[in-house]
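When the chains are written out, they are named A, B, C, D and E in that same order, and each has its own residue count from 1.
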Amino acid sequence: MIVRPYPNWLRMMLVIRGSVILDIAPQLIVTIGFAALVTVLRNSLIVDKVHLTFVPFSLIGLTLAIFLGFRNNTSYARYWEARNLWGTVLNDTRALARQALTLVDDHREAPVFVNRLIAFTHALRHQLRGTDAAADLARLLTEPERTRVRDVRYKPAILLVMAGEWLREQRRLGRLTDPLAQAMEGPMCRLGDALGGCERIAGTPIPFTYAVIIHRTVYLYCLLLPFGLADSIGGMTPIVVGFVAYTFFALEALSAEIEDPFGTQPNDLPLDALCQGIEATLLETLGRRDLPPVPQPVDYMLR
Amino acid sequence: MIVRPYPNWLRMMLVIRGSVILDIAPQLIVTIGFAALVTVLRNSLIVDKVHLTFVPFSLIGLTLAIFLGFRNNTSYARYWEARNLWGTVLNDTRALARQALTLVDDHREAPVFVNRLIAFTHALRHQLRGTDAAADLARLLTEPERTRVRDVRYKPAILLVMAGEWLREQRRLGRLTDPLAQAMEGPMCRLGDALGGCERIAGTPIPFTYAVIIHRTVYLYCLLLPFGLADSIGGMTPIVVGFVAYTFFALEALSAEIEDPFGTQPNDLPLDALCQGIEATLLETLGRRDLPPVPQPVDYMLR
Amino acid sequence: MIVRPYPNWLRMMLVIRGSVILDIAPQLIVTIGFAALVTVLRNSLIVDKVHLTFVPFSLIGLTLAIFLGFRNNTSYARYWEARNLWGTVLNDTRALARQALTLVDDHREAPVFVNRLIAFTHALRHQLRGTDAAADLARLLTEPERTRVRDVRYKPAILLVMAGEWLREQRRLGRLTDPLAQAMEGPMCRLGDALGGCERIAGTPIPFTYAVIIHRTVYLYCLLLPFGLADSIGGMTPIVVGFVAYTFFALEALSAEIEDPFGTQPNDLPLDALCQGIEATLLETLGRRDLPPVPQPVDYMLR
Amino acid sequence: MIVRPYPNWLRMMLVIRGSVILDIAPQLIVTIGFAALVTVLRNSLIVDKVHLTFVPFSLIGLTLAIFLGFRNNTSYARYWEARNLWGTVLNDTRALARQALTLVDDHREAPVFVNRLIAFTHALRHQLRGTDAAADLARLLTEPERTRVRDVRYKPAILLVMAGEWLREQRRLGRLTDPLAQAMEGPMCRLGDALGGCERIAGTPIPFTYAVIIHRTVYLYCLLLPFGLADSIGGMTPIVVGFVAYTFFALEALSAEIEDPFGTQPNDLPLDALCQGIEATLLETLGRRDLPPVPQPVDYMLR
Amino acid sequence: MIVRPYPNWLRMMLVIRGSVILDIAPQLIVTIGFAALVTVLRNSLIVDKVHLTFVPFSLIGLTLAIFLGFRNNTSYARYWEARNLWGTVLNDTRALARQALTLVDDHREAPVFVNRLIAFTHALRHQLRGTDAAADLARLLTEPERTRVRDVRYKPAILLVMAGEWLREQRRLGRLTDPLAQAMEGPMCRLGDALGGCERIAGTPIPFTYAVIIHRTVYLYCLLLPFGLADSIGGMTPIVVGFVAYTFFALEALSAEIEDPFGTQPNDLPLDALCQGIEATLLETLGRRDLPPVPQPVDYMLR
């Protein structure tokens, strides 16, 4: 079920977690403080020389809109593509489990195959987050399997080969004909595509230069802004600058957060929950009824 | 047929249902009331200190456009992808029904298979809406089938396995050769993809932080707006603020509504009608002529 | 060949058909008339109270741009997807005709199969436009075939089943091996996808609420606009309002026209010409040389 | 290799070819001349009545941005899709050549097959440009093959059937098994999809009404612009109008040019070079070393 | 792992590499110098005649936003598509290695096949960058293989044919059945698609005319800008012009850099690292444990 309902419109104004306000607090305080300083000193000699109108901000707004819009859209596209790839992992492990039960003649050994698929999903999660897969693999694999996987660099890729070896064994035993083995190559290849796709997103950030140029433009804009506003709106300057800076900084911070969707920040993908869900549905397909519990969201977000 | 024609351009101004006006009425009244207050007190001491021009709103408009445009496009993309996934459910259940009739040698038992596919679509709908599938399954499945599905967590996934088991049985009886069984794995896998895709959309909302930041920016903008307008347009301020706020709030409300396209709000997907249509065309493919009636739109919308 | 060249840049100013000017004439006349009234009475007591500047229009322009851009892009995406689906119909009927000639051993009976495919495309066109397919089917099908299709609700789906039955018959006669029959399932399934895709576009308009909100915003905007312009540009007000309103109304009208691409308005898909082209190329593939003539555009548009 | 490097930033200001300046010169001269006239007569009685400010242009800019952005994006999408389809032609003719060498047992006759594929690409090019394919076909086909193709309307489609007939012949001779013949149906169908896709782009322009509305809005905008500028920037008016008009007209002209990507204008697809490249790589795959030369760009563009 | 974390927000202001500042320094200095000159001479006779306000820049901003946004989005789309194609190379070489181990009966000769695949990836990299593949091929191929590839024009295409010949040999030896050989045609074809896709991106730049028009508009805009600003913001003019020009020039330079993603500039694709990674994972799949080291980023970028 979707993580809903949201809090009502009034309480939504007061949410802290999920507003990235804490991440951008330092910059925001500096910016507002500087704006207050400029406002107070606006008639002094030094500040008066830095005389601006709204026009420069309107002109720079042009490229800023292109940059921020691009950054935001690209980051979200990465996030959503990553989510789709994990969707593929779910779909194709499920398809393979179904096929192991209905295309292979004797399916008593299907759990061996399915366990390798579950191990694949956990290994993928650990590889993407740089964490240790050993505990999960110990739960799912036999001793010789574990030994084989322990020291390899690309664990999920090897686990996929091991799943393929189970299919080879079934073919050798005459339990799986060649045309049906061929049918199972479809989901096998798509699992490999999902693996490679996740590695691609994790290993290829948005070109660094975008981050640099956007960052500079946003901060220069916000630091110059008080000079353009103080004359016309006076004491409201720090509030308006704070408001503008909040939207800019928040947009930048959120983009940076979801650009790398496999992290563990609040808005990143809930890989733990996804793996748990895949494990549950695969076990249920095998006929098991003692499933792990459904993950519950905390503060409107899953882990 | 498309749900047309729309009412003419004059009557369209007066439609209530489908204008989200009722959903956003409270906020709108508060905002307009506040704007009226500011307009009346605009020469008083307190309000006069909050002196603004249109410039801050033009600057904030930059990020607001990015945010609202993003929210709207993303929500609609979710809506349309969900619709496509249900299109896949239609296409591939139909393809499987056709194949059961033309690739399996003896197709007298095809109704068993097709009933499981129909049960799959109803179970998917109930899972997405969190409602009880029992009544629909009772209509379509035999007692042992029902028993098997009753207590499982992922009902559509199990029903897909059961459809696969029917194919296994046909292969065992020599009615379906392996290459043709392989051909039926294409639609079987795509049905699983549609299932997983729906679960993905239902289970992964747009990152919560977007909703929070957009919400705040929109409401702060509308509450500050009278201070920027009252000086120049005087008594028209509440009307203009109301107009601006209506478009902002409506855009936000509509985005929130279709972001979760499997709900039961007016603009959500008409899952009941879709399921009914799939059931009708599958039954007709089997040669039945006593089809359920075609669903009719009410107030230009299907259920 | 592409429907070109366009008229030169001067004559293009004077084209009537294809400018949607006739569709929006009533609204346009009302709007311009109202603007003229406001301009004449701009110093009278009543109008003077409705005092506006360009600022409100600039602010509302923000959401208006999002709404109109969204409506336009979404409508065109529907139009182009519909065109692609009909492209799929062409491609896969052609592929099936080729396969019937080169994968089936004895291809003397291929015309029966190809006629069912041609009947499928005509039936699809008639279903999408709500017209009667009987005349076209009479031309292409035998009496028993016609009887079977006559009273069904989903004619193209049943015709696809009948095409599948021809393949089943060829397999039964030993003229088509199972692996090659499997190869023909690819185009068969894609034809079914195109059918379902067309039904999806025809049956699921853009959420009605978008149309309502956009409509209201556009018309309120244009009716209020003279109050914002009359002071500064005086007698030019009706002309400028007319120009602005023309672009808005035309964008809305064109979006509404192509949103439902299967209609018979000037910019809708030329389904007649498409069906005729598919029929011609399929007949030519069978070796026929007495093809129907190539459809010719009228006023730069095909039917 | 990519057609680079561009000229440096200074010389780029002076390039003539590729700047569409010649295509839009007449309109540009008329527009600038009219602007000069308005500037000179700006204090005369007639012009003074047409009093405008920048506000109308800012408001119309809203829809203009939507229209021009849409036109540009859509035209480029057509261009790039067309390029992708020709990429598919390359990829799948190559795949078929490889398969003819490695999946068919006796591949001495592969050149017959490959020649039909090369003939297919040339016939596609000629069909899209409305030119005569006879010379290229004479080079590649035997007399009976040529006779068969000479008078047909859809030459590439028939050549694809003839390629399929070669495969049928190999199957009949026992040189190609059914599962491997099935594997070759993938690229065969994708070639047909590329053919149909090119026909779709060539035969379905962007709805004519877009071109009309955009054209009118752009020209009215540029003709009214001097009335809005002359008061404030005086003698600079013709220069600014010329600059604005250049960007608008150039954008429109470029969009119109690449909208029909199969033409022979400077920015259209280099179909000659593409066909030559496909022919070269296919011949090399067959072991030939006397390849046609690599096409070289002239003025940064291929033919 | 993703190349993170970025430097903190303060240090990010000072990064040199990756800010394209060095690439655009000459133009930037010229522009700022010119702006300073105009500011100093703003009351002189000549400059005073070139009198502008912010309005022209706001109007030209319209098309500029369309052009720059288009250029940026298109360039990034090319970059990301190129990255995806290399992802396909990884995925499908991995899939083929897995299949060589699990679908071919005797897999002792799999290294021959895998080496040809590795050679394919290196040859593709060298072809795209116009460098010499000899050293890498010498490492991976036998003498006769090398001789065959040495003088061909399309090396990766021929290496793919040679991979296909290994499969033909396995079929001939009875180690690979036809249905399983067919299953391996999927990844084989997709590798060919990736090859053709890379050639397409490398050989088809964004139409040259876009680059010319955008270039001119940007530079004319920046050179005229001081005339529009000097009156209102005086001595701040060069700073604001420099800021605006920096964002424009940087956006243009970055777009040009990633438009051709196979180059060797800082933001181009790290083809060396990608090839090294593919080689490592393929060797590991074969059971090798002496893998090449993992490439490390320098200044937040891979090579």
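Keep in mind that, in the parts below, a contact is a pair of C-beta atoms (placed from the backbone, for glycine too) under 8 Å apart; a residue touches a chain by one contact, two chains touch by 3 or more.
Just so it is clear, the model here is predicted, and its values are computed rather than measured.
Identification of common neighbours of chain B and chain E yields A.
The chains that touch both chain A and chain D are E. Where chain C touches chain D, under half of the residue numbers in use are shared by the two copies, so each contributes mostly different positions.
Seen as a C-alpha superposition, chain A sits on chain E after a turn of 70°, to the nearest 5. With centres defined as mean CA coordinates, chain E is found 23 Å away from chain D. Averaging C-alpha coordinates per chain places the centre of chain B 38 Å away from that of chain D. For chain D, residues touching at least two other chains, in rising order: 58, 64-65, 69, 178-179, 182, 186.
Interchain contacts close the chains into one ring where each touches exactly two others, per the touch definition above.
Around the ring, the chains sit in the order B, C, D, E, A, counting from chain B and moving first to chain C. Within the complex formed with chain B, the chain C residues making contact are 27, 49-53, 55-56, 58-60, 62-67, 69-70, 74, 130, 151-154, 157-158, 160-161, 164-165, 167-168, 178-179, 181-182, 185-186, 188-189, 192-193, 195-197, 199-200, 202-205, 207-213, 215-217, 219-220, 224, 256, 260, 262. Remark: chain B residues 1-4, 6, 9, 12-13, 15, 18-20, 54, 57-58, 61, 64-65, 68-69, 72-73, 76, 79, 83-84, 87-88, 90-92, 94-95, 98-99, 101-103, 177-180, 182-183, 186-187, 225, 229, 232-236, 240, 243-244, 247-248, 250-251, 254, 257-258, 266-267, 269, 280-281, 284-285, 289, 291, 294, 300-301 touch chain C in the complex.
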